[in-house]
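What follows is a set of structures for review.
Both complexes below contain chain A, partnered by chain B and then by chain C.
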Partner chain A sequence: MTHNYGLLAPEFILFGFAMLVVAVDTFRSQFKVGSAVLAATAGVGALAALGASVAMAGVHEEFGEILVVDEFTTFFRILFAATVVVVIAMSHEFVGKHIRHPGEFYSLLLLSTIGATFMAAARELLTAYIAIEVLSFSLYVAVSLAKTDPRSGEAGLKYVLLGGVASAMLLYGLSLLYGSGGSTSYEVLREAFAEQAGEASALTLVGLAMVIGGLAFKASAVPFHMWTPDAYEGAPLPITAYLSATSKAATFALLLRLLSGPLEPLIEDWRWMLATLSVATMVVGNLVALQQHNIKRLLAYSSIGQVGFMLMALVALSDQSTSALLLHLSGYLITNLAVFTAVIAFYNRTGREEIEDFRGLAETQPYLAVVITAGLFSLSGMPLLAGFATKFLLFQAAASGGYLWLSGLAVVMSTISLYYYLQVVKQMYFFEPSGDASRWRLTPSGYVLTAVLLVVMVIVGLYFGPLYEVADTAAGALFA
Partner chain B sequence: MTASDGYVLLALVLIPIGTSVLLMFTPSKERGAVIGITGLSSLAMFVLSVYAFAMYDFEGEQFQGMLTIPWVSNVGLLGEKGIQLKLGLDGMAATLVLLTGIITMAGTWVSWKLTHRMKDYFILLYLVAGGVYGTWVMLDVFFFFLLYETAVLPMYLLIGVWGSTRKEYGATKLMMMLVGASILIFVGIFGAFSAAGLGTFDMEELFRAGETGLIPRNTQILLFPMVAVGCGTLAGMWPFHSWSPDGHASAPTSVSMLHAGVLMKSGAWGVIRLGFQMLPQGAEYWAPALMVIGITAALYGAISALRQTDLKLMTGFSSVSHMGYVFVGLGTLNVIGMSGAVLQMFAHGVMTALFFLLIGGMYDQSHNREIPNFSGMAKQMPIWTIFFVIAGLASLGLPGMSGFIAEVHIFIGVFRAYPVVGGLAVLTAAITATYLLRMFSQAFFGEFNPRWSHLREINYRERAGATVLAITILTMGIWPAPWIDRVANAVAQTIPGVSM
Partner chain C sequence: MTMEQVWLLPAIPAGVFVILSLFNRVLPRRGDFVAVLGMGTVVVLAVLAIADFQGAFHDGHFAPAPGANTYEFTWVNIGDGVLRIMFSTYFDAITAVMVFVVSFVALMVFLFSIGYMHGEERYGWYFAVLSLFAGAMLLLVTTNSLIFLYLAWEGVGLTSYLLIGFYWERQSAAEAAKKAFITTRVGDVGFLIGIILLWRVAGTFDIQELIHLAEEGAFSETYLTVSMIFLFMGAVGKSAQFPLHVWLPDAMEGPTPVSALIHAATMVVAGVYLVARTLPIFDLVPIAQNFVLYTGLFTAVMAATQGLVANDIKRVLAYSTVSQLGFMFVALGLGSVTAAMFHLLTHAFFKSLLFLGSGSVIHATHQQEVEHLGGLWRKLPITTVTFSIGSLALAGIVPFAGFWSKDEILLEAFELNPFAYAVLAGTAALTALYTTRVVLLTFAGRPRDQHAYDHAHESGPIMLLPLVLLATLALGSGFVAFDGVGRALGFVGGIGQVVTSHGEPHSFAFHPNIAVPATVLALLAIGAGFEYWGGNAIRAERARQWAPELHALLVNRYYMDNLYQAFIDRVVLGLAGIVARFEKSVVNESGVDGGAQTLNWMGFRLKFLQTGRIPNYALGMALGVLVLSIFALGGGE
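Now for the complex of A and B:
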């Protein structure tokens, strides 16, 4: 059987450049060049992968029994490639100061993106599992790469231990589903489970619960979220950004494939599980966030809260809620990357990350304060920014799917989230700087990157039609 | 109005927001440029607002100057009409557009004396203005609500950065209460959209769905209180008003003007648009409750104002009281009472803006707002006192002033519907007269307190702003026909289920 390897061109590009980064890193000391050359190599690779992904839009073809490249895969491929471009662009200065092994840092970013894309593309259980592990293992290492921060190693260890447990649970669940359905192929499983609909065997149900539990860990849904704040706090900032973006979105991509495909016949069995997870996640994430003093932990808990909102779309699963979810995911990614870019720029300058340290930023660096404020307001769903439109449609989709109570709760939690975001905004605007009050300048790349993200954030907030249509096409591929 | 006037309405939204964007790229050192830009922009808004008010033909179509730009359609949960950038004006909105034009211009003038980060102040202030204009003219629920929230959001920073007394507390309380109230509006919108099942946020479609019962009566009864409380909170509706006096006490002058004068009205406007027009059967069911809340607010606000010694707090509670009348008027469900409610929104907007302008002009010099500390101010600041007396007399409903026109409509309407409530409303008016006249006699007349001999008359920009507002008060009081014609026709035609 021949395969069309061209289908996986973006992934081959990513892999090739990941290896190239390692190779360049090996000879770097001999030629006495800084880490900029690595960033450039990785950046070119990521851009090339992005270009290839965009060029391949509209392809709908299966790769053997294991992967499928359709509009849904393409959507996430472009999203992940774009994310890794942004993350590489935001990291350069940070890497020079705080990262022990820059070569590994960039190559792991590229490699993990392959895993993330395959999570969205998999049409078979084992491939899905391997894709998850490619992403996870890259991140286990990446989390512990900060050289100056002892918390980094601790975070890496916690992440790998808890992640291992979750992986074991997931794999066990997958094997039970295989035992019950007789295949690892999504299509065959769907038929098998369709016969079981309404009267699923105990084997299936246990398998189902374990799969959802394992994936809930990866998505950091409560009560499987314990690793998140520690990993986010200890990880180097760009990796934190990456964790909150790609890692999360990839898990949702996989969940969407599974739930709309093989597990769709069992919807009545998993719907309440996800509803419970959704409620617990949005409530705990947002309430605990109120207590945080560290910007990374704050963003960690806020991202947990966001997961609760996104799970809601899975509870009310339909093509409409999926397209709203994909739109929201993109908006969330853009916003989150903007916030992290700004926080990294702040950290590069001050080396600080407590919320109190942002005191008076509106005086010392007003532009950065605007970016952070806009980003946080967007995360809490304030108008003119991406968050309002995407949340509005997401919540409306859940309400239209018959879950008005759930979307009502989501709005309440979303309002609570505004309170803790305001604590940061308050520090920046209401108080005078506590230490050095002189103005400082951003690096040109920091300026450009934040400005681009800010503009995109506003565009998505107001003129979201095109993106929504793309998301709708992607969702359509799942519910064909 | 002709169809091309839709672009005038669009301009009313885009001019203030565009000004904000333009100011972002203006260096803050260039105070002259900032003053020039905001001066021109506010003048343009004023002229266009007057134009929109004047050109509105109250005998013509319900909605005029319609402009529909398809935005997002046939995707996800959105159907053929989906989300549209749809603008249009009815007689009620026309008066409120005029109100916004007047107050924004006056507010801009008095803000030019700011020394602390004036540019940033105007960026946020104009976002508020743009948001408020949007709520008057948008006929799509998505954009209506987007701009409604846009108007609320900048208040946090405006009060927190430029405010006075307990500004951090006032700003946070205001923000959390208003955004918290929005939860209910969200749920109301979501519920109505799903119940109608049309896949569109088009207001006209949803109004029809509400009138014909496509949105089932029980759903309307369930959703109306959410919308009414959600939007009512922004309108300072008792018992969700407590952000209002604190917020006003902390806010800088022009923010108070815009907030009490215009933004609070957009809350009441939300009750009309999303409540009475979109959920008319729910509104009919809950109208008596709205009336009870309204009259309680009116009495409570008036009695609380009686106890205040801080000028701004007194005005803040007076606002709660006057906004109570608006809900009383809406609760009557007859044309005259509901027209009175909208007229009251206009009349109260102008007079409260004048109050805040004057209080600000004096407080900036004296840094004191305690009424008992003042005495004989008419000798030191005669012009200031004259303006203050005009605002006060309008507030207590003296014939010949705008407040009288509004209140007389409400009183007639409410006596038709519920005579007992009518009696209480008149009692409220008497209490209002008591606290205002007592304040006049304490602060303005009597022996002059030499402690204030350093105070100077308000500056010429404040005088200009006050003049515009005072002229509006007197014009509406003496020649109310333009307002009444527009509002009464709109109420009779666009709100289902009102009786004559």
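Now for the complex of A and C:
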């Protein structure tokens, strides 16, 4: 049996460039060049992977029994490649100041993207598991890369230990499903579970609960979320951005594959589980966010709250809700990356990350204040910005899927979220800058990157038709 | 540039707005040349599109190849048609008239503004907003989707608000901007209701499709009547018709070129455009159409009488605009798109000319009350001549533009509704009278304010050029009524052949029994004007003392503004007070504050779950899975 290795071209490119970064890093000290060359190498690799992914749009082919490259895979492949391009672009100045091992930093970013893409592409349980571990292991190391900050080490340790627990849980759950269904292939499992529908065995049910628990950890759903604030706070800022973007989206990609495929016949068994998680997640995430003082922890809880909203789409799983979720994920990624780019620029300049430190930013750096305000407004779902359009469709999909009460709760929680986002805005606009603060400039790349993300955010907010259609096509691949 | 690419017209000024609003401080001359160049390009493209339009006539009828005059793409499509919004443009004779008027007058105003606004602190911002206005207005007249029309409708409303309040440091300007915005909003709500009512039954926002459906009988007659009256409310607000006309005279607080562009030639005719565009639907519902007719008729008379007594030169012109818009609505109420669009065309030129002329006067003297003017013809010869041309056109004197278009409306009225004819003829005489008054008080006689007079001097060439060009059109644009002139310009014939009512072309025909009395009446009115306001206006003073109550009634605008103010003060604010007390004690203090404090307290409690200790975290996870499993097993049995 021959395999078409060309199908995996973007991943080969990412892998090749990851190795190249490491190699360049090894000889870097001899030639006395800065970390810019690494960023450039990694950036070229990420862009090449993005280009290859775009060029391969429309492909629909299986890679052996383990992976499938279809519209759904392509959607996430492009999303992840674009994310890693942005993260590399936002990292350069930060890496120069705070990271002692830039080679590892960039190569891990590229490698973890491979894991993320395979999570979306897997059509077999073990492949999915290995993909998760590829992503996770890269991130365990990346989280602890800020050697100058003791919190980074602590965060890395917490993340790896709890990640181990979750991983064990997931693997055990997978093995139970295998035992019950007799195969690791999604297709075979689907047939097996279709026979059990309505009267699933205890083996299947416990396996299901453990798989959902394990994945809920990756997605940071309550009560599996507790690592999130600590890891977000301790990790180097670009890694925090990456965690909140790729890691989260990949988990949802995997969940979508599983729930619409092998686990679809068991929908009545897992629907209420996810509904419970969704309620707990949006309530706890949004309420605890009210109490935060650190911008990274605030964004961590806000991202937990957002996961609660996203889980709704899985509860009301349908073609339409999947399209809405994919659209929301892309809008959320764009917005989140914009906010993080701005926060990183702020941190590079001031070295501070408390919400109070943002006071008077509207005077010292009005452009950055606008970017942050727009980003936070988009996260809360204000009109004109990406967040409004995508959230609206998400809530609407949940409501029309028969979960009006859930989207009602989501609207209430969304309103509450505005409060803590506005806390930051208030600091920037209603207070004088403290003492000696004077006007300052961003780096040119900072201006360009934030401007691009801001413009995309507004475009998606006003004219989301084309993106919606792409998401709809991707969702269609799952429900064909 | 073909009719298909007409979307470029709004796109260019919109792009200019983005450039200017971001970079006007760093561009040389604050970027005014960008705005002028952008508008110049739009004029050229508009003319090219009209040339393409001329080529689409076959056997005297507008018959473009399918799709040649439309352009559309899907803006949003959710659930495959559950909610589908198209961006679409449509080009026909009405569009042709509108894009030419809007782009040409806008270019003239842009040029004039370079001189008039010179040295203003927010010079760059002024051009940015003016460009945004042009973009929104061009979108309004080219789009074929009610949703985008509404968007552009609000866009011109917003820019009008910004420009009326351009001198926001002045209390009266800020008040006037607010008044304009709120008053037109009242109409806009009706407009939106109308759009939604139509969409509810038809499931589309496409104007041509809606016309088609209505003609096929997709709506019941009562439903359609109600929908169209709601739709017309938007036109009433935007085009300052009774009872929502009160904002337009106050809108004169804005810079004068803005009054010329927005409050004379373009934005205020949006209502006329809307009704003309949807006239095939109005034709089906006589009640709604009569509603349009009588609203216009009443407004025409009422505003003309107020124009007789106003002292501010710009306000006289504003009342005259309201009155002339009434003429256009009468034409539409009678079912004549031709007459309405023809009058819209000529009115746009002569009225913007009059406004720019008054701008030239204000620029020269820094006065705009006629009490402080007088005798200016010696100082401002070119302004005097061009202003007089505009006035003759407004008064409807042969052969100036206004004569031909007013004649067309009078002819329609004469044939279809003698009562309307009588009223309009009287109003036309009043128009001639107040026009004469303002010209005499401004330019003739002796200066009443010697200081202002001494310092007055003619404006520079950049301001005189638009005056001269517009004067040429105020003199000549009426001749497009003739087939020969129309053919010479490349059209299939005169305006009656191009802009057709009910799809039936007709040629201009001279009717002496209408034209002669109208002209005589207008000349008599002008004579009376000279008699009363010529020299030192003694007779006018005597007339005022003869009936002081009548004069007070007119000066106080029939007390309508007072009535509205009293309504707002007593009823609206009274109700608001009650609601505010409820809101403060019940909603705010117990509801919002109480709710917020409760939520904050819950957050405070919940945050202690986050202990920072790994075993606790792992315990949480284990409990989570345990609970899920137990319930799964329990539920399964």
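Just so we're on the same page, the second predicted complex is superposed on the first by the 480 of 480 C-alpha atoms of A that agree within 3 Å, B and C clash if a C-alpha of one lies under 4 Å from a C-alpha of the other, contacts with A are read in each partner's own complex, and residues count from 1 in each chain.
In this text, contacts are C-beta pairs under 8 Å (C-beta built on N, C-alpha and C of every residue); 3 or more make two chains touch, one makes a residue touch a chain.
In this text, all values refer to a predicted model and were calculated from it rather than measured experimentally.
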Looking at the overlay on chain A, is there a clash between chain B and chain C, or do the two fit? clash
Please work out whether A:468 is in contact with chain B alone, chain C alone, both, or neither, and reply first, second, both or neither. both
Please work out whether A:388 is in contact with chain B alone, chain C alone, both, or neither, and reply first, second, both or neither. first
Applying the touch criterion given at the start, work out whether A:109 contacts chain B, chain C, both or neither, answering first, second, both or neither. neither
Would you sort A:399 into first (chain B), second (chain C), both or neither based on which partner it touches? first
Touched partner set for A:162, first chain B, second chain C, both or neither: second
By the touch definition at the top of the document, which applies to A:320: first (chain B), second (chain C), both, or neither? both
So in the superposed three-chain picture, is A:418 touching just chain B, just chain C, both, or none of them (first/second/both/neither)? first
So, A:408: does it touch chain B (first), chain C (second), both, or neither? first
Would you check which partner chain A:269 touches, where first means chain B only, second means chain C only, and both and neither mean what they say? second
Chain C region in steric overlap with chain B, selected from 96-104, 564-572 or 600-608: 564-572
In the superposed view, which residues of chain A touch chain B and also chain C? 320, 393, 419, 463-465, 468-469
Where on chain B is chain A touching in the complex? 71-72, 75-77, 131, 142, 145-147, 149-150, 153, 156-157, 160-161, 167-168, 171-172, 175-176, 179-180, 182-183, 186-187, 189-191, 193-194
Sort out for me which residues of chain A touch chain C in the complex. 158, 161-162, 165-166, 169, 199-200, 202, 205-206, 208-210, 212-213, 216-217, 223-224, 226-227, 229-230, 269, 272-273, 276, 284, 287-291, 320, 393, 416, 419, 463-465, 468-469
Interfacial residue positions of chain C with respect to chain A in the complex: 74-79, 596, 599-600, 602-604, 606-607, 609-610, 612, 614, 616-618, 620-625, 628-629, 631-633, 635-636
Listed in rising order, the residues of chain A that touch chain B in the complex are 319-320, 323-324, 327, 377, 382-384, 388-389, 392-393, 395-397, 399-400, 404, 407-408, 411-412, 415, 418-419, 422, 425-426, 429-430, 463-465, 468-469, 471-472, 475
